[in-house]
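See structure below.
Order as written gives the chain letters A, B, C and D; numbering starts at 1 within each chain.
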Amino acid sequence: MILPKNSRLTPEQLAEVTAIVTEFGCKIQPIVGAVRSIYAIVGDERDELMINRLEGLDYVERIDRIQSPFKLMDRRSDLANHRLKIGHVTLGEDLLIIAGQCTIDPKNPNYYLETSLAVKEAGANALRGGVWKPRTNPYSFQGDARSLEILMDASRRTGLPVVTEVMELEHINLALDAGVHVLQIGARNALNYSLLRQVGRAIAGRTTAVMLKRSIHSGPLAEFISAAEYIAAFGNPNVILCPRGTQPQLEGYRNQPDESITPLLKEKTWAPVVVDPSHSVGKAAYVPAAALAAVAYGADGLCIEAHVNPPHGIGDDPKQAVTPSALAELVKRCRALHATLRPPAAARA
Amino acid sequence: MILPKNSRLTPEQLAEVTAIVTEFGCKIQPIVGAVRSIYAIVGDERDELMINRLEGLDYVERIDRIQSPFKLMDRRSDLANHRLKIGHVTLGEDLLIIAGQCTIDPKNPNYYLETSLAVKEAGANALRGGVWKPRTNPYSFQGDARSLEILMDASRRTGLPVVTEVMELEHINLALDAGVHVLQIGARNALNYSLLRQVGRAIAGRTTAVMLKRSIHSGPLAEFISAAEYIAAFGNPNVILCPRGTQPQLEGYRNQPDESITPLLKEKTWAPVVVDPSHSVGKAAYVPAAALAAVAYGADGLCIEAHVNPPHGIGDDPKQAVTPSALAELVKRCRALHATLRPPAAARA
Amino acid sequence: MILPKNSRLTPEQLAEVTAIVTEFGCKIQPIVGAVRSIYAIVGDERDELMINRLEGLDYVERIDRIQSPFKLMDRRSDLANHRLKIGHVTLGEDLLIIAGQCTIDPKNPNYYLETSLAVKEAGANALRGGVWKPRTNPYSFQGDARSLEILMDASRRTGLPVVTEVMELEHINLALDAGVHVLQIGARNALNYSLLRQVGRAIAGRTTAVMLKRSIHSGPLAEFISAAEYIAAFGNPNVILCPRGTQPQLEGYRNQPDESITPLLKEKTWAPVVVDPSHSVGKAAYVPAAALAAVAYGADGLCIEAHVNPPHGIGDDPKQAVTPSALAELVKRCRALHATLRPPAAARA
Amino acid sequence: MILPKNSRLTPEQLAEVTAIVTEFGCKIQPIVGAVRSIYAIVGDERDELMINRLEGLDYVERIDRIQSPFKLMDRRSDLANHRLKIGHVTLGEDLLIIAGQCTIDPKNPNYYLETSLAVKEAGANALRGGVWKPRTNPYSFQGDARSLEILMDASRRTGLPVVTEVMELEHINLALDAGVHVLQIGARNALNYSLLRQVGRAIAGRTTAVMLKRSIHSGPLAEFISAAEYIAAFGNPNVILCPRGTQPQLEGYRNQPDESITPLLKEKTWAPVVVDPSHSVGKAAYVPAAALAAVAYGADGLCIEAHVNPPHGIGDDPKQAVTPSALAELVKRCRALHATLRPPAAARA
């Protein structure tokens, strides 16, 4: 849909526009209005290059696109019936609870094992645990590959699948070799297309899943879902979308909570949505309410930082981690609410 | 707390700073650090003028204030035990449901009466109904004082208290004379201090309450609560804070939903919080999930647009209003969740 | 332009849509695309009510409007040749410099007179001076009508026109009676439509102008220009648009500088644009660069806080006010740059 | 600086706080205020772990940090006198103009060579040219390593240094082997710490520079400068900071222009600042004004998209690229303004 700056295109302008879209196999259909005319592009208008060419014309106000830039992740694609299973939980049916420490402390492996057993007891279905950590400060602790063994040991002892963040190809390879079940792409790498391709290629042909965090800036929905498309394009569609708060923050929280994006995502994509309230609000005391709100908005799961002894955690844990007993209470409330929401509150008549 | 640009103040700078705070009855206490020194202001640092004077100094990086600019609305004030009652609902105990049409159509009074009876049936405790409307477009329908009679008639027939927006002194006087129970200050007037003073003065000595919408921009918490302080300063503390979404919007919604601000407000003020999910998300289909999320975050009430026949509403109704049956379902879910949250999920150990 | 959720409207949906637009004197023209069809509204689509009705339909994804909601302020209106003169400066020809104290201190009238003479000497063409002040803190100094005499006295002694902010009808009347040349509507009242109507009505038939600050939230261009339309609708089109920074702030400044909006405004409206860099950056040291940037972006004028002795100012002056000598240097640079920009850098071929 | 939730810490809380900071070699000095006490951390408070531990305490309102998390890039570091030279231009002395196509079209190498010769003629000191491109849409053109030869060929023919974006280690190695002078880290990888470390390690011991784009979200200044610290930590401090607009966009532009960040950066770091107005505003017609504004704010250089035939460019060129003649005019204006700003307008007395 081409909207001209003036009330209508001159014959010369119309000819130029027509020539461009013809190059891309499309046609122009003018719609003559009382005050202003517009020009519909008839054909497949998904090519960014054609759109850029048209937007570059001086006499064009803007181009409205009406087709999806992602095809595999689209709610209307054949994959819409794909069901992703993490451990014993089928996403879309039961509420998935991923919980555990932000960062595994390689010097205190017992904490991670204790926390893992405790969060299982509290109702978690999967374990989170950071082996490598992106840190703003270059001189802060950046993680340690030895933590990978601690992570997998906890997985074996609890029988739960594990989630860990990868930031480069070497991490991906080490994590897959160790048997990590879900690779996490963090918010700072949410648009790192090289990494998205690497992870998509690496999980192709496996049962491994990827949990893709939302970018820190509150980007367009299509940008978020297209990032998932990068991964799925290699053949394994096990991608989970994970809102985790955006910037600028809501004063008092670490970020601007964004669990409310869930119904909007679900209108456009079939991908399951697991919300991370811990990074969103950034403080343990606020996590239970934010977790419950995510369920209210229709989230398929939650990813929550927990620690047996929060003040002795590293990474974000001292601030963000809830105790196992707070987690147990939170999980109980969230599962109860989730159960009442079938069919979901946001369903459209 | 004064943070200097350089590692410490020179003796001359310290003398200047000391002279300024002395004018306002305060003292300076230097704290000598290993790398940098800071300078505490000992005394009452709430005076904006003193802060501005200090911030104006070239060698000052910033001033951190550690005291509240509002005293009546502060959670620690003597008013913290004040309980506001709207109709039969005591805020903080039962969930208040305000519902009704965005705008009363003076040409179709029956719609408003029908809607009012229907929302009461659906569980509403109070009626909303716009008599005067702030409109972006100067040529759109701006409201009509005749609608006030329709509003009060609906109040009498349902036995429910009513809420309506006022935008100038004349509206305030007309609404009070007619017996409106809750005056609403809209988001566009949230920082219109002349109106806040007028409304505070007008309700002094009455039982009338004011529902103060949050400003469109995501301003500081202190700005929101201080606006309430303007009203309460005249003696009637019946002020309700109403988050209603902020700009920039979350793509797909009318605004950025902000029910998550509720726990943050409650840490600072005793004022009840009633969330407006209708303006926040801007589309009826999204309202139920947003309402439930507000309750999850600890809201004391909800303000929801409803209409017996949404496509025939005026104002925002065709888009935003839920039907009475959707409202009934929503209220049932929200009351059930509210009941499970005593003590609240966000309570701190 | 109606974009349906699905690939096309069903015959029943098309009939319903057609019925709605017909009520408003419009027609529907379907455009059948390869993948998706869209539906053009032929006729005058400016009625908000029609748009709301259409947006309220479940099967409609969104409505794109292609006509301006403001007609007097539109760049294509007959008023486009209207030239506004403030004192001796014709906006659009010479650079207008409004300067002076944020707030007039009624206890220290000499400061204001001294500052006024000094800013005239530094090159200012008009004086700013706050008589009444909107303050976040209800217990801060709120202004004093006696300052109005000081303001007018400075105007007489310098021969310069004066600008002052009005926040309610009483201020408008007092200011007009005193002979104030430009009434300012502040950022907190930028969408206070009652005040906009009052000021529009009050200046009708006079030569008085209104300087309309941009709202604190970074709202749509159309919202800003429509607010000006409210004023102009009463017959006096002397409205100046004044960007002054928005929230959320750029860390380190008081606001997010927004002088860059100038070329975008000028594409849509003929109204002159006067930028306020003082409120934008919020600190005197940053003002000169921000002022120059505003000129680079094509501003027709600047509104700058200045004070003969900034640390002794009240209101924002201790932080924001530049000294007369800094102002003189700034004005020199800005006029030099302005002179080189004719025709403007942003002119489109 | 520890700010407690209540008016002061209890003896037990003070003991706990003291124990934590003692672990990190710091001490606590209480400052007893009239209304509230605060607690200064005396010692090196830069350790994120200590801060997190303290922020995790229930009775702590917040922690204010007063030390820089970056030490090499700090304006007060020994590197502050480091002067970076790109081609014949010493940053901080002459205005650096980087110009050229967004993306090199491997199928039309002549365009790139023509553009390169033309931008040199127009006054550019360095060439930009995209070999690999991050694209939102996974099915769009992603770049082609063969373009690297075209880029280096243009460098040889013009005698100008070249800038190209790298997104993974393989790109870094290929670009360095080919002799690229400036590696660009794009906005989507601005916080990709793995890539920042890889590029820092790769340029150590070389004269190669890195141009680091600002992240898409308007993050804290410290986050931006710390990302540069990641690179410099390996020994080569040739890092340029490049603001390029942030999200959410200013309606009408591609992004929110952010050249105004320049004076704020320069207060904290000695790193040169080169602004990219092309990505900021996103449309060729707006670029000249934005470029001039960047110079007004004190930028050391500009990075501008240009193309001999914009409508036939690929990538962003059809929209964003200015023609060589527009570039020549723009460069002339910018150099003239830059020359008048020595000493800079934003200099502090």
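Quick notes on this structure:
FYI, a contact is a pair of C-beta atoms (placed from the backbone, for glycine too) under 8 Å apart; a residue touches a chain by one contact, two chains touch by 3 or more.
On a predicted model such as this, the values are computed, not experimentally measured, just so you know.
Among the other chains, A has the CA centre that is most remote from the centre of subunit C. Of all residue numbers seen at the subunit A-subunit D contact, over half occur in both copies; the interface is built from largely matching residues. Remark: subunit C and subunit D have CA centroids separated by 32 Å (rounded to whole angstrom). The geometric centre of subunit A is 26 Å away from that of subunit D, both derived from CA atoms. With each centre defined as the average position of its C-alpha atoms, the distance from subunit A to subunit C rounds to 39 Å. In subunit A, the residues that reach two or more other chains under the touch definition are 58, 218, 248, 285, 348-349.
Taken together, the subunit B residues at the contact with subunit D in this complex read 1, 3, 29, 31-36, 38, 40-44, 58, 64, 66-67, 248, 348-349.
Those residues of subunit A whose C-beta lies close enough to touch subunit B in the complex are 218, 220-221, 248, 250-253, 256-264, 267, 281, 285-286, 288-290, 292-293, 295-298, 326, 330, 333, 336-337, 340, 344-346, 348-349. Interface of subunit B with subunit C (complex): residues 20, 46-49, 52-58, 69-70, 134-142, 167-168, 188-189, 191-195, 198, 215-219, 222-223, 226, 229-230, 233, 246-248, 283-285, 310-311, 313-320.
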